[in-house]
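Here it is, the structure, as C-alpha cells.
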Amino acid sequence: MTSHEAFCVLNSGDRPAHLNVTIFYETRDPVGPYRCEVPARRTKHFRFNELRDPEPIPLGTPYASVIESDQPVVVQHTRLDSRQAENALLSTIAFPAGDG
Amino acid sequence: MTSHEAFCVLNSGDRPAHLNVTIFYETRDPVGPYRCEVPARRTKHFRFNELRDPEPIPLGTPYASVIESDQPVVVQHTRLDSRQAENALLSTIAFPAGDG
Amino acid sequence: MTSHEAFCVLNSGDRPAHLNVTIFYETRDPVGPYRCEVPARRTKHFRFNELRDPEPIPLGTPYASVIESDQPVVVQHTRLDSRQAENALLSTIAFPAGDG
Amino acid sequence: MTSHEAFCVLNSGDRPAHLNVTIFYETRDPVGPYRCEVPARRTKHFRFNELRDPEPIPLGTPYASVIESDQPVVVQHTRLDSRQAENALLSTIAFPAGDG
C-alpha cells in the first residue's frame, strides 16, 4: 500500500499565483523552495512525491510543508490512499500565515 | 463505487440566504454561478452532482468551489461514500472569505 | 450499523461553562435550547442522541447544531462509528461565532 | 487494536520552541505541564502515550490537551490506527489561542 499526500490549490483571482513550498524535516534542515504555479481562475493538485527540484522528499520520512504564495489562494491538504484510488481519507485546510 | 461530494449549509439567521456557487477547474474557465437558497433558520444539503444549471460538473474531473452568500452562513464540505450510505469520510469547514 | 455523532467541549477556564445547544433541521423550525454544563478545567463529551430535553433528535434526520457558551470553550465535533467503538472517523473544529 | 493519538508541531522559525502541554480530563483536575521542545526550523511528532512526566495519560480515558508555546508554531493533531501503520484517520488543526 502506498499513500500519496497532495495539496490542492484554488486560485480564484485574476492573476497567476506563484508558490514557494518549503519542506521541513525532523532531523535536518528544511529544503526548498519548490516552485509551483497556479494559473488565474484555476484549481490545481500537486503530489508531494512529484516534487523533484531541488530534491525529492525521501520516502517514509515525516515532513511538514509551508506554502507561500504571491496571490491569495486556498490550500487544502489531502492524503490519497492507493487502496481507494483518489479517495481522500484526510483533509485539512492549511493554516493561513499572516504574510506570504 | 460512487462517491458523492456535498456541501451542507446552516443558515441560523432570520432571512433566507441566497448562494452563488462557482466551480473552478484545472484546465478550463470557472462555471457559474449555480444558484441555491437556504431558508431562514434551516440547514440544507446540496450534492455537487445535482447541480445542473448552467451545466453539470463532469464526472471524474477535479474541481474546487467558491460559495458566496448574501447572509452569514456556515458551510461544511462532506464526501459521501456509497459503500457506507451517508457515512461521511471527509469533512472540512469551508474557508471563510472576507466578503460574500 | 449505528453512528453516533457527538461533540466534545474543553473548558480550560476557572468557571463552569453553561452551553445552549440549538438544533436546526431542513424542513422544520429549530429546536432548543438544550442545556449542558462543563465544569471548570474539565473536558466533556456529549452525544447528540442523548439530548432529551426539550425533545430527542429524530433518527436519520439531517441536522446542524449551534452551540453557545457563556465562557470561552473549544468544541470538537466527532462521529463515532459503532463498528469501531470510540474510533472517530470524522472530526471538525466547530466554527467559532463572534459572540456566544 | 491500539490507537495512538499524536500531535505534530512545525516550528518554521529560527529559535527553538518550548511547549507546555496540559491534559484535561472529565472527572479530575488537569495534569501538567508536560514539557516538549521543537528545534528551530524542524518538525516533530509527539505521541500522547509517550508523555511520562509528570505522569502517563491513563489508557481509555477521554482527555483534551492545551498546548502553549513560547514561539509561533503550527500544531496538527492526528490519530494513528495500528491496523494501518502510520495511516492517520483523523487530523485537526489545533485551535489557536490568543496568547501562548
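In order of appearance the chains are A, B, C and D, and numbering begins at 1 in each one.
The rule is short, and it goes like this: a residue touches a chain if its C-beta (ideal position, glycine included) is under 8 Å from a C-beta of that chain, and two chains touch if they have at least 3 such contacts.
These numbers were taken from a predicted model, which means no experiment stands behind them.
Visitor: Enter the angle, 0 to 180° in steps of 5, of the rotation superposing CA atoms of chain A on those of chain D.
Guide: So the copies are related by a turn of 90 degrees.
Visitor: Over half of the interface residue numbers used by both chain C and chain D, so same, or under half, so different?
Guide: Answer different: the two copies use largely distinct residue numbers here.
Visitor: So what's the Cα centroid distance for chain A and chain B, whole Å?
Guide: 23
Visitor: Take the average of all CA coordinates in chain B, do the same for chain D, and state the distance between these two points in whole angstrom.
Guide: Going by mean C-alpha positions, chain B sits 33 Å from chain D.
Visitor: Going by the contact rule already set, what residues in chain A reach two or more other chains?
Guide: 89-90, 92-93
Visitor: Classify the chain contact graph as line, ring, star, complete or other.
Guide: Basically the chains close up into a ring.
Visitor: Mind listing each pair of touching chains for me?
Guide: Contacting pairs: A-B, A-D, B-C, C-D.
Visitor: Using the touch rule from the top, collect the residues of chain A that touch chain B in their complex.
Guide: Per the touch definition, chain A meets chain B at residues 8, 10, 12, 41-45, 74, 76, 84, 87-93.
Visitor: So in the complex, the part of chain C that touches chain B is made up of which residues?
Guide: 1, 3, 22, 24-27, 29-30, 62-64, 66, 79, 81, 89-90, 92-93, 95
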